[in-house]
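Multiple structures follow.
Heads up, the next two complexes both have chain A, just with different partners, chain B and then chain C.
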Partner chain A sequence: MSASPASPGARQTVALALFGLALVAAPFVVDRYILSIILLCLIGAYLGQAWNILMGFCGLLSLGHALYLGLGAYGAAALYVKFGIGPWLGVFVAMALAVAASFVIGWLGFRFRIEGVYFSLLTIAFAESARIGFDNWAWLGGAAGFFLPVRAEDFGQYWNLRGGPFFFYYLALALAAGGLFVSARLRASKLGHAWLAIREDAQAARALGVNVTRARFMALFVSAAMTAVGGVYLAFWGNNIFPGQIFDMAHSIDIMLGPIVGGVGTLFGPIVGSFLLVPLGEALIEALRALGLNAPGAKALVYGFLLMGIIAAAPSGVWPWLARRLRLQDREQ
Partner chain B sequence: MSLPLFVEVLIQGMLTGLVYGLMALGLSVIFGVVRVVNFAHGEFAVLAMYAAFVLFGLFHLDPIIASIPIAAAFFVIGYLLQRAVVQPFVTRPQHEQFILLVGLSIVIVNALLLIFGPESRHVDLPYSFDSFSIGSILIDEVRVYGALAALAVTAVLFAFFRFTSTGVAIRAAADNLVGAAVVGLDVKRLYAISFGVGLACVGAAGAIMMALTDMTPMLAPSLTLLAFTIVIVGGLGSMVGALAGGLLIGVAEAAASALASPSMKSMVSFGLLIVVLALRPQGLFGKAEA
Partner chain C sequence: MLTVENLDLYYGDAQALSQVALSVQQGEIVAIVGANGAGKTSLIRAIAGMLKPASGRIVFKGADIAGLNSHKVCNLGLGQVAEGRQVFPSLTVSENLLVGGMTPRARARRAQNLERMLALFPRLQERLAQPAGTLSGGEQQMLAIARCLMGEPELVLFDEPSLGLSPAMAHGVLDTIVDLNRQGLTCIIVEQNVAASLEMAGRAYVLENGAITLSGAGRALLQDDRVRQAYLGM
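And then the complex of A and B:
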């Protein structure tokens, strides 16, 4: 085999540019169904990036990211429906709500040295409490859900996130690209290096003069705020929010599966993971339907086995392996 | 709340709490020894409930009695599971263990869903609606028997860890893994036994719970969370703590159901969890880590 014509970095840039171009062109090429699947991939990639900043960069395992998603969704939707304040402004309130919640979790966790498993379980407890709280909050519809009005005359008010499938597709693409950009910039920053040091050995980082608590709070805030933006998107895209869905632990798990399968702590892992898992789920549904097995649970059963298989076979994720095969990078990134 | 009602709620809560405690004990044993958090714990509880349901349907076996064979079967399942599936993950990072066990929990719940459907199930025992009365206080008979059974299993477990050489060896491995390996203990076997013992606990507890409540596969995640809450409140890895946590959460839930609405049950236990984490992160009976 001849030596590669370009450095892995250049090859990576080219691959990313081609991938980006394909995504930009997709709405003009593929049908509505495929486009909706790519949209789900993009949202998954974006939320995965947000989670990955906390876990992959800083080493804090959150099992309750649905909390920030739900707070973002309810925050912006409530402002829009109850007070007529559009999501272009509401998104900042949504982010503030999520950051505030993450501050409480971080304060409890870091101040009282709740680490490892305990921290993870704390995040679940908060997400579950929020689910039960919103289930019982009649002003926001309670368990019966909260609905956004879909009126023909609002259509085209893009600043209020009222648009068609193309609009939401490109918005998802922008989110995913933005998520990648933010992740890459943060990772290369001084803060990013502090996170990596903390992830590898918090005590050693502290000894080297890194303000561990401050850096952890920053990771938590960034991750929570980004996730809340995703929640705003989901609320205005789907036009309904149910506490039992948005705050559900299954949702938290969904958010983290992409980056874990793709490669925790890598820049492209969340994207690769999401673009693998979402189509896999859809293909499973189709395959089982073709086999005449569309009983509830069949898809999830296979999915569960696949998860166990993937984590047993490729614990560091698909992306590091793929990157080596495609010679997109010469070392783990 | 009047005094008789208060006492009633307290006793009912403690009786349920003993069963909760047994379930949480399983989680605590697994984490304390193998250092893996069993995220499929509630799923195993529900699996045991279905086992009890099937045994009741086939042989009219009382779920409380069925807890014995189910615990035995769960021990075998746990032993094999640790050997074949979990062991390679023992030294891996937490999030990988998490995904493995979440995958397992998804498999269990959906297999049950496929076989039994989403309907809520319960067993009708001849004494389901009987109760003991002490003065004006009424206590469900079935809850008393369930609690006694849970207490018996717990006593056996404590005896196992205290008086058998395997039990002592497991405690040694939990205490000092390197030391245990140095003196020649077969740590892998001890891990497998511990996972088996942990599942036997949740198997017995699940079977007993079948006598107390209705059940669907969807109950599993909330049971997992319940077990976590109890174990953290009591102190991860502490056996006494798991029991005390079970009692505390049992009473808190019973009180919340009586005072507010049943849906507030888990809210109260999460509130308790957060208070305990803030005041005493290692749990009520946990040892502070150096």
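And then the complex of A and C:
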């Protein structure tokens, strides 16, 4: 297949394949530091995909996705440490916990018609409650954090997520690819069409016989479960969990910045956004270190300006703009 | 086919409909006319399951559907073309149509229904891959009607189908409704163009302050002095 004269769809496939190939080959080419940054990009892309299903597809703004991340992380880690149950099984418990929490939020929101920004406030309230709750839950370490044992003899137990940087890199790549696959399949499904219709005009969708409440619950469940899987990954990758970190509002914002910058509601937006923001954040830290400046908050400041710039220049995100430029797409998707 | 009995509807304490009764036979076009705020849209929305009436019965094909959720009402074959078209602007024309065909009763025949709609509205064929927001007002109304028909309704509630359209376009849309009716679709139409709607309707009801004050054959109402004075400005 030649790339230049082909249709936008074919060009998109080629671009995606090349990008994927580069990511597969990366561990053999780049050094450990760069690899760890790509890993963060991939995790950001995956979590962005999960958030994007809820907001980008279904139009429900969650500002508390850290809740599902934390529940997933604590759920699987607690099972592993306290009961010796591996994350290969724990991941399902993690997803179930997140789905249950999202059900409570959804039930409150949809039952009492808490719509729009009030729904978003509800999601913050739950994430913050969880943070305070876990801060004070001594059995899981409380505010001092929960640690996973790192034992040399466990190394190589990949089913228990005990492995080296290469293992975690490829796992992140698999997550990101899986997230893209799930998003693409859902986007093209009947449920996906219902979500888009609800996002555009919930009232009109209702008038057409779309079961709006059911479709919204489905979006919540899928998004929460996917995010929880990301939480399991973070727990076993980092080997420590702190309520003040994982449930933090800043974490929720980090999850959504990627898709917002890349393009809310698009398939590739979360990936593009994450691959832009994570290296930018790292470069900024490096630059500040080189300058000998200790300026906490500088990252947030730069992100803020960047966000303003993007909203002004490409309000629908970087990906739609990029896709038009590179002729990877004949219309927004 | 549809019987409404003693329907009361409130928005909080404000009564929007009081003791409304009407009936629609299979194959009819029934018009509902009335001033702004008379309760026309409230009536349509109550029948479609978008609003819950306080009391009364809405019997469609023998089943009481009052208070039933709209997705269930839709699935019984009672469709709605809501006021202001309400197409999904950033979805393509074909995606809009597919959303309309999602009710369980029509789901299996989505592909055939899509073909049928494109035969019925050839203009949409040319625009299938285009975002619906880029269509003209008349095309959007065609799309809204086609999208509703994708759900295989037997009775369709049209709320102000010609609102905001040029006179020629408005005429085209109303003609389409008459055509659909000739092909067997039962229609209830709420229309700001009172003269046109009374002309096309077999029967009509006049709604004033949430209550039905007058009913009869469409052409007879056209001759009625009260109707002529209040709604036709004669």
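Worth a mention:
The criterion applied here is as follows: the second predicted complex is superposed on the first by the 327 of 333 C-alpha atoms of A that agree within 3 Å, B and C clash if a C-alpha of one lies under 4 Å from a C-alpha of the other, contacts with A are read in each partner's own complex, and residues count from 1 in each chain.
Keep in mind that, in the parts below, a contact is a pair of C-beta atoms (placed from the backbone, for glycine too) under 8 Å apart; a residue touches a chain by one contact, two chains touch by 3 or more.
This is a predicted model, so every value here is computed, not measured.
With both complexes placed on chain A, chain A has more residues touched by B than by the other of chain B and chain C. Contacts of A:E128 after superposition: chain B is touched, whereas chain C is not reached. Of the two partner chains, chain B is the only one touched by A:M249; chain C is not.
Contacts of A:H193 after superposition on the shared chain: chain C is touched, whereas chain B is not. Taken together, the two structures place no residue of chain A in contact with chain B in one case and with chain C in the other.
Remark: chain A residues 55, 61, 63, 108, 112-114, 116-118, 120-122, 124-126, 128-129, 132-133, 135-136, 249-250, 253, 256-257, 260, 264, 295-298, 300-301, 303-308, 311-312, 315 touch chain B in the complex.
Only residues 31, 37, 85, 88-89, 92, 94-96, 98-100, 102-107, 109-111, 113-114, 118, 221, 225, 228-229, 232, 236, 261, 263-264, 266-267, 270-271, 273-274, 277-278, 281 of chain B touch chain A when the two sit together in their complex.
Of all the residues in chain C, the ones that touch chain A in their complex are 48, 50, 69-71, 73-75, 79-80, 82, 86-92, 95-96, 98-100, 102-103, 107, 129, 131, 147-148, 151. By the touch criterion stated above, chain A contacts chain C in their complex at residues 190, 193-194, 196-197, 200-201, 203-212, 331-332.
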